[in-house]
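Lettered A, B, C and D in written order, each chain numbered from 1.
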């Protein structure tokens, strides 16, 4: 019997070694495997290469992982943000290596790894600094840059629901990099709200088939959902929302 | 307001010119846009290039189109079948050109056209006759063949349901080439069972977003479905099933 | 000094050029303002490169959904007809030329349509590109929305970009606070002057041989 | 003449080697027989390259669904845990090395693991390849299921394929009606003999220097 369920989040990441290449899903808070990242932080690893769209925000999640000095190199499209102070400091101090990739090439390179494509010609980045060291080719009158796959040892992904085979559905824009990274990593570890019985996920709506998933861990419903319905009441970061005047009602809590 | 609905199948294909490159979805009967093909046949065109996985079966659908002499060239992966006698005759008579492409490369080349990829290195076909005239490259110890996109002027696709924006869902293995061809053609024409009100299709389950679709035409439910439920009672070709002894019941019709 | 139009007026001006039925991506920053001025009688579908079509306006404060954000990581909503997809599908949609229009900001636009909008090339700057390069080369029409001049009075329309490029020969049209410019084989062509701005003034401000539309 | 095993026995023998949890593609023709012998105490997921995982057995005659077929265009069923996807995703799954096992037929297999199974190269033949080349190079383990000899007694295990190749160096193991052969850096190694077949007989039938497994 196939059962990819892992009981707790610590054991889900227990075998990731120093020096591993780790893809981390998410774009902003959406699809960010926050609890898996925390479990990875607790491992106190060294020399990781991380693939993510960004390079961490504030002091939590990926930024907190960077803060521990665990990450040697990051491959991403948009490191500099208003709250990327952890990355900024490490980068300026020369303590982290950056490979900057246009976002679509990042996505397509991850896709290529999962799809067994050896390399591909993309028009994105042609004639720019980010294609400087790369092969180019004119095809049918358009200029292209040759890009290679990005593979990983591990992928940490957040989805909405899984079954014991690892079939996954996501929720809204939290889908982002998850399906791509799941296919591009040797070992894919997924956190979900719920694990449902096999056969409960509509086969037409499966986004990541279980073939790409190795471990799933259920963490319970996130604060902005109740019984699968959106209830709101949180910030865009998922934190409880501070009430403002408009919400104040006599006797309200 | 966006309304891609076309009232009848004849007008859906009315502007396809002689010499057009036409992708036709389907793998076997599943996903085959039978009625669109019939409407195309009625146009009595010349010099078409057709992209399909096969080269027609029996005397209907794509085979019937070939029979009219409308097709100059076919790009496919599996022309020779037990009932491909129409293609076989034309091919042996030198009346149709064949470009034979391994099935996965066919799918990926169509995908590349829709995705703006100029070319890609695939391991499939390396060292075989079907890669003989092609560039090769060794990448990370594996050998690859360079393949180029396949684009089309028109795609004829069959899906289950559409809305007026052209968002599509398919049914089971009838999905096959539809989503790829819809993205690879300048004009995509889709036949569906039903057109539903905008907002009726679950945004998580849309397989082909309307951005890839130009025209949708509703033909009513196919014989093996009733109110969206599978009821059976047909052959694999969708024809009414001849009753056998096991079905005979006293008083049954 | 010539009359300029406000950023909001410019957003409204750009919105007026977006046809019914268009699929549009509005870049981060000023271009997002365009969404507020889309004509109500047109059905225009907004794409966000993090994986959605038919993005709606921002939600009420108590309806913020961390799973439903735009490319600027701001909360948004979902309109009827929406679809979600992963990043590779989303950027394939862009790169494959399926978007009708994108609106982007700019540091510089050259007369051959080169765009520079991701880096000033400052040696101590931390680079970040995001989806800018994909947007620049992907859409059927690439509109730039920008002030004509930087704060220190330097023109953003140039003979050749001095800042690192985002895309080569990719810009269709530039909407500025002074005028609208089409990028053509003959360089910039002024198609519309705002307020009392004159072609002569624009030539002086930019130092470019600007043509006037016929 | 050595004792051979039947096609059904061979299918059962192959099925016994497929581990619990494996994702498997069974090629068109004889390999589909393997599905009938998969051990009931193992959960094995069947992939069909036309876009499905967790394909089930053929339906009852009155439950044939034209939208639910396998790569051989035969009606099949859907098991709990199934997923549907389009052709590019399906072949990405194969090409990307995500299938554990595929079982294919063969015209010839060379001692370096080259496979020929799509064309006899006859000058008047109409070619057709389908997904054979993708399957040959894609799965983690590529098992060939074949008679050792053609009808006219020629061995299908050869030094070098004379028929057009399907894939280069891609075969893991060959299950024949006489014996099982692993493809190794030293050529074919016989790992199992059926009935009273001997290594000497196999050497005579094939003309190859076959090694015996240690």
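One rule holds for everything that comes next: a contact is a pair of C-beta atoms (placed from the backbone, for glycine too) under 8 Å apart; a residue touches a chain by one contact, two chains touch by 3 or more.
Going by UniProt, the chains are A, B = 3-oxoadipate CoA-transferase subunit A; C, D = 3-oxoadipate CoA-transferase subunit B.
Keep in mind that what you see is a predicted model, and the values were worked out from it rather than measured.
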Exercise. Higher C-beta contact count, A-C or A-D?
Worked result: A-C
Problem set entry | Separation of mean Cα positions, chain C and chain A [Å, integer] | 28
Exercise. Quick one: chain B and chain C, Cα centre-to-centre, how many Å?
Worked result: 37
Exercise. Whole-Å distance, chain C centre to chain D centre, using C-alpha means?
Worked result: 54
Problem set entry | Overlap residues in chain B, where contacts from two or more other chains coincide | 108, 111, 115-117, 122-123, 170-172, 203-204, 207
Seminar exercise, completed: Contacts with two or more other chains occur in chain C at residues 78, 84-85, 92, 94-95, 138
Exercise. Hey, which chains are touching each other here?
Worked result: A-B, A-C, A-D, B-C, B-D
Exercise. In their shared complex, at which residues does chain A touch chain B?
Worked result: 108, 112, 115-123, 137, 139-140, 142, 144, 148, 169-172, 202-205, 207
Exercise. Given the complex with chain A, which residues does chain C contribute to the contact?
Worked result: 48-52, 59, 61-70, 73-75, 78, 84-88, 90-92, 94-95, 114, 119, 124-134, 137-138, 164-168
For this session: Give every residue of chain A touching chain C within the complex, in rising order.
Result: 27-31, 53, 77-81, 84, 87-88, 91-92, 98, 100-108, 110-111, 122-130, 143, 170-180, 207, 222, 224, 230, 232-238, 241, 244, 246-247
Problem set entry | Touching residues on chain B, where the partner in the complex is chain C | 1-2, 111, 113-117, 163, 165, 167, 183, 198-199, 203-204, 206, 209-212
Problem set entry | Partner chain B, residues of chain C touching it in the complex | 20-21, 23, 43, 45, 47, 53-54, 78, 80-85, 92-99, 138
